[in-house]
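See structure below.
The first chain written gets the first letter, and so on, giving A, B, C, D and E; residue counts start at 1 in each chain.
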Amino acid sequence: MLSNYAFIGLFAIVAVIFPFAGFAVSYLVRPKRPDPVKEDVYECGLKTIGETWVQFKVQYYLYALIFVIFDVMSVFLFPWAVAYHALGLYALVEMFFFLGILAGGLIYAWRKGALRWV
Amino acid sequence: MTDEEILARIEEHFPGAVVEVPQALDFTIVLRAERLLEVATYLRDELGLDYLISVTSVDRGDEFEVVYHLGTMTDQAGYLVLKVRVLRPSAEVPSLTPLWRGAEFQEDEVYDLMGIRFTGHPNLRRIMMWEGYEGHPLRKDFRPPYPIETDRLIAQSYAESENP
Amino acid sequence: MLKTRTITLNLGPQHPSTHGVFRMVLTMDGETIVDLKPIFGYLHRGMEKLAETRTYLQNMPLTDRMDYICAMTNNLAYAITVEKLAGLEVPERAEYIRVIMAEFTRVVNHLVAIGALLNDLGAFFTPMLYCLRERERILDLFEMTCGARMTCNYLRFGGVAADLPEEFVPQAREVVAGLYYWVDDLERLLTTNEILLARLQGIGILPRELAINCSVTGPTLRASGVPYDVRRAAPYSIYDRFDFKIPTLDEGDCYARYLIRLAEIRQSLHIIEQALDHLPPGEVQAKVPRLLRPPVGDAYARIESPKGELGFYLVSDGGISPYRFHVRAPTLINLTVLPDLVRGLRIPDLVAIIGSIDIVMGEIDR
Amino acid sequence: MAFVSDLFVNSWNWIAVQLARFLPPWAAELVMMFAGVVVLIAFLLFMVMLLTLLERKVVARIADRIGPNRVGPFGILQPLADTLKLIIKENTEPAQADHWVFRLAPAVAVTAALMPYAVIPLGRGMVGTDINVGVLYVVSISSLTVIAILMAGWGGCNKYSLLGGMRAVAQMFSFEVPLALCLASVVLLTGSLSLVSITEAQRELWLVLVQPVGFLLYLLCGIAEANRSPFDIPEAESELVAGYHTEYSGVRFAFFFMAEYINMFTVSAMATIMFLGGWRGPFVDQLPVLSVVYFLLKVHFLVFLMFWFRATFPRLRIDQLLSLSWKVLLPIALANLMLTALADKVAHRAGLSRMASAGLLLGSNLVLAGVAIATLYLVYERRRAPSLSRRYEIHWH
Amino acid sequence: MTDDERIAEELKRNIFLTTVDRIYDWCRRGSMWPISFGLACCAFEMICAAAARFDLARFGMEAVRATPRQADLMIVAGTVTHKMAPQVLRLYRQMAEPKYVIAMGACAISGGTFRSYSVLQGVDKIIPVDVYVPGCPPRPEALLHGIIKLQEKIERQSVRTVPWYRKA
């Protein structure tokens, strides 16, 4: 079992090193010719107007919040799904309640317009 | 309604507004600049000439001619040519943009290339050339900066790499 | 309350879906467009000034380069204006040839417009390339007639530059038949595509009154329910001899404009068929002096170009070159409505609307 | 013959045995592990190159063109030329950029894209490692891509990038949820989170025959997760220039490019494993070397579907896409999970045979599909009702 | 070191460098991604060159990039006006090295027929041009020919002499 995760660990190490190796190779062979215009932001061939990093619409964060709720839910779901055959009828009913509450939440968010993209 | 009838109506409603009715291929009425707006309003609302075909201008030496083509979008063929003459130094004409939004860019263009100001235009700007360009190219006395000045322009472009 | 700030974004002059060097300055709140300011002039080549220094005939190539997708209709508009100014007659055969060429040009333009619209919607080139493939067949016809694919310079005052080559008529018939089939094919691919409907229907609705007030013309106008077409309203050339219908739709949205273009392609093909059937023999060029000196005066003449009402206003002082040469560019005027259409929508809708209005910068800026 | 019938696995074991002769066991195992990692990554690199070439060829053929054919015979060296060129290309970086975020984003993207392959079985006995939470691992790792894209969008100080990044995050968030729900119903049926066991469990019946709705949902969500057309909104070329990677060039862009293709391959591979029986196919037990062929064939079929979509479909708008996810796919996925659980329980309680319970599941799934389509149709029609005048009737004059 | 040895040494290095050069040139030649940058009439012939009949994709060039950062080749297709010139220049300067420019059509080469107050008389006054493709507009075949010429030019470049490794 441990060696399984050791493999994943090794894989992770190589997968992290790989892009950096790519950067390193490229660093050695690529040209470097800085130029003030080149280091400016590209915006259809014009100088950019105003700031880029501004306070954004709150809608983006609402999405993130809803997502977090549902993602946590799916984490709960997986163990239940794995052990489903071993569990009794009770598990089914319980999960129905759980999913029902979530569906209710979704409908609430929907009604409230949190799912409207602006 | 024939062209003559239209002319009669205008003269009836706006005495003194018509300056001249010259002989031309298309039926043309020359109007006094200051009366243009009211005549145009009347033509649009009462006589049903609801389609401003085009706005343009001609440099006639000491005066400018602003030429409007006015028609309808029905199957009745034909259109009316309205002209307004202004003297070169002042060169101001009432804008038709409040009546026809379609005149907006065309008046911008006339302003840009011929240098005629349109009073009452919501956003008169240089549309073809850039802000700060000197001169109005379609004027007959406009001297293009080439070939001598091309290099200067190019140098300027370099400097202005950060465009307005 | 959280404060959010708008950002100002440049779209163009170099942008894949502005159809050339058109620039829009967008003010956006999140992804919603609050305001749009169009900026033109990046392709302003000074044609109107240049034309004052050339003879009338020398200006014909300039018109080719205005709306470079439909050179033939530009030629036609300029030619009939000069003919009106100088009082020239055109032989019948030449008129038929002009009509054939103008209608083929309309087909070409609408194909390109539909292809570009789909490109803007993100269909990764395939519909565009299909449209261009069919366009090539028509360009072949142009090329065999006048030697150029795009900038034809084919029309002359009082006629056309050269008679049609012998193999033109059979090949043109073949192309027309193929196009009928192919337009059906395009409809099957696109018209009922659910994504296309979702992207186009109800987007960029142009009300009829606004359209008239903004002097919008062409397919954009007809998609808003105004049956105005210069070919019908003020027939030029010999359009009064042909049987064709003018399609209109009441919806005025992007999808309507798309449908109008498809319908017009079929009508144009129908006109071409009739013209090919009745093509008379005879001269193609009236006797016109080599160096034209129209009498003093001014003239305005207009045609229904594929993009709208294309008019030329010429002033002659009796010399060999026009005293004033003005183009009523349909697309410049059609763009007046753009800020109204896009307010409150998003960038994807904006590109769809621009695509459906069908602009060409060469004509807008001249 | 026996050796050849399972060529890859046998040669691998042979090398391991040879190594064990002159290395201590832990060292031999480490070396083999390392070799495994390298082989997997090399395989992925090869796959990325193949996919880029295939995509260009397939799209070209669909558009009635030929596609690359100048670099190497039939253009097969085109991806190699592209790769080399991208490596020797200068890297640009805006001066205002958030430098480390900007530079790290491609690395994160590639790492996140590579990681799932530690557990994905590519053939019989050909899996990096078989952990008992494989599904969860793949789902959680592949959602790391979001972070890379957000980093890229934010770091570049470019408005197109920013909008693209924001869109990407919203999109991937939204599709993550129905995707996880689809996988949950598969897990429920197979009773395991291990990808190898899930493949094993489809010995008799591919799950696509039991869960057609789940498969379709997964495919849709997967395409959206991989940012492929018609859901390629974060990099919508006609709107946002190049989206989140507008400011990237050279090798950094190459890594984003690579990550995108690996993700596409991952989505197809996961769909194959979860629904299409993974590497299972006829005669695979007699001739195990076929397993990898079957696997790649199935994956490439799905990848081909993606190319096909890309070449034909316009793209959806971002709000439509999100509505699709939250308002259509998520309810269907929830209902699918509930219905599957119910039908499974019923079949279990009633003690039905395997085939009968599969039939029951399929039936319930089809009923779900029918109900979903009917509901959608009704809602759609009701939506349209206020604008029934919008019938797009051409009037002729 | 004898002469023979020196020659052998030199030869070896040259052979090595020639191989490097060949790979270096081959990959740039085989994968030139143009920036989607159409100015005027010629832009349409450029698009036609990418369409079914001429198919730019054969050269591996259908990967048209919308951003200059990822592009190798700028095809200046059309009239460059004075208003547009700063933007063209800026786009060119924002492209990542190595980069190439094709001036397509009479306008980009010399201003063409538009000898007027607003047109830049040739794009080579502001950016270096590698290949000129004459015509008004050039046919797609002409553009393809120009691209092949550019490829030939790239093939003759050597990693030792290319400008982009030198300090600016």
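The rule is short, and it goes like this: a contact is a pair of C-beta atoms (placed from the backbone, for glycine too) under 8 Å apart; a residue touches a chain by one contact, two chains touch by 3 or more.
All values derive from a computational prediction rather than experimental measurement.
Chemist: Moving step by step between touching chains, how few steps can get you from chain C to chain E?
Modeler: Between chain C and chain E, the shortest chain-hopping route counts 1.
Chemist: Which chain's mean C-alpha position is the greatest distance from chain A's?
Modeler: Between chain A and every other chain, the largest centroid distance is to B.
Chemist: Quick one: which pair of chains has the most contacts?
Modeler: A-D
Chemist: With chain centres taken as the means of their Cα atoms, state the distance from chain A to chain C in Å.
Modeler: Chain centroid spacing, chain A to chain C, equals 46 Å.
Chemist: Go ahead and note the Å separation of the Cα centroids belonging to chain A and chain D.
Modeler: Their C-alpha centroids are separated by 15 Å.
Chemist: Nearest whole angstrom, what separates the Cα centre of chain C from the Cα centre of chain D?
Modeler: Those two chain centres are 44 Å apart.
Chemist: Between chain B and chain D, tell me the centre distance in angstrom, where each centre is the average of that chain's C-alpha atoms.
Modeler: 60
Chemist: Which residue numbers or ranges of chain C touch two or more of the other chains?
Modeler: Expected reply: 7, 9, 13-16, 31, 41, 44, 46, 49, 125, 129, 133, 232.
Chemist: At which residue positions does chain D touch at least two other chains?
Modeler: 63-65, 88-92, 159-160, 237, 241, 246-247, 250, 318-319
Chemist: Out of chain B, which residues touch more than one other chain, so two or more?
Modeler: Residue numbers touching two or more other chains: 128-130, 137, 142, 144, 161-163.
Chemist: Which part of chain B faces chain C closely enough to touch in the complex?
Modeler: 24-26, 50-54, 56, 58-59, 67, 69, 73-79, 81, 100-106, 109, 113, 126-130, 137-138, 142, 144
Chemist: Tell me, which parts of chain E touch chain D in their complex?
Modeler: 23-24, 26-31, 51-52, 55, 57-60, 62-63, 65-67, 69-70, 72, 94, 96-98, 164
Chemist: Which bits of chain C are touching chain E when the two form their complex?
Modeler: 13-16, 20-21, 41-47, 49-50, 61-62, 65, 68-69, 112, 125, 128-129, 132-133, 136, 149-151, 361-362
Chemist: Please name which positions on chain C make contact with chain A in the complex.
Modeler: Touch residues, chain C against chain A: 2-15, 23, 25, 29-32.
Chemist: Quick check on the complex: what are the chain E residues that touch chain A?
Modeler: Counting only chain E, the residues touching chain A are 67-69, 87-88, 90-91, 93-98, 164-165, 168.
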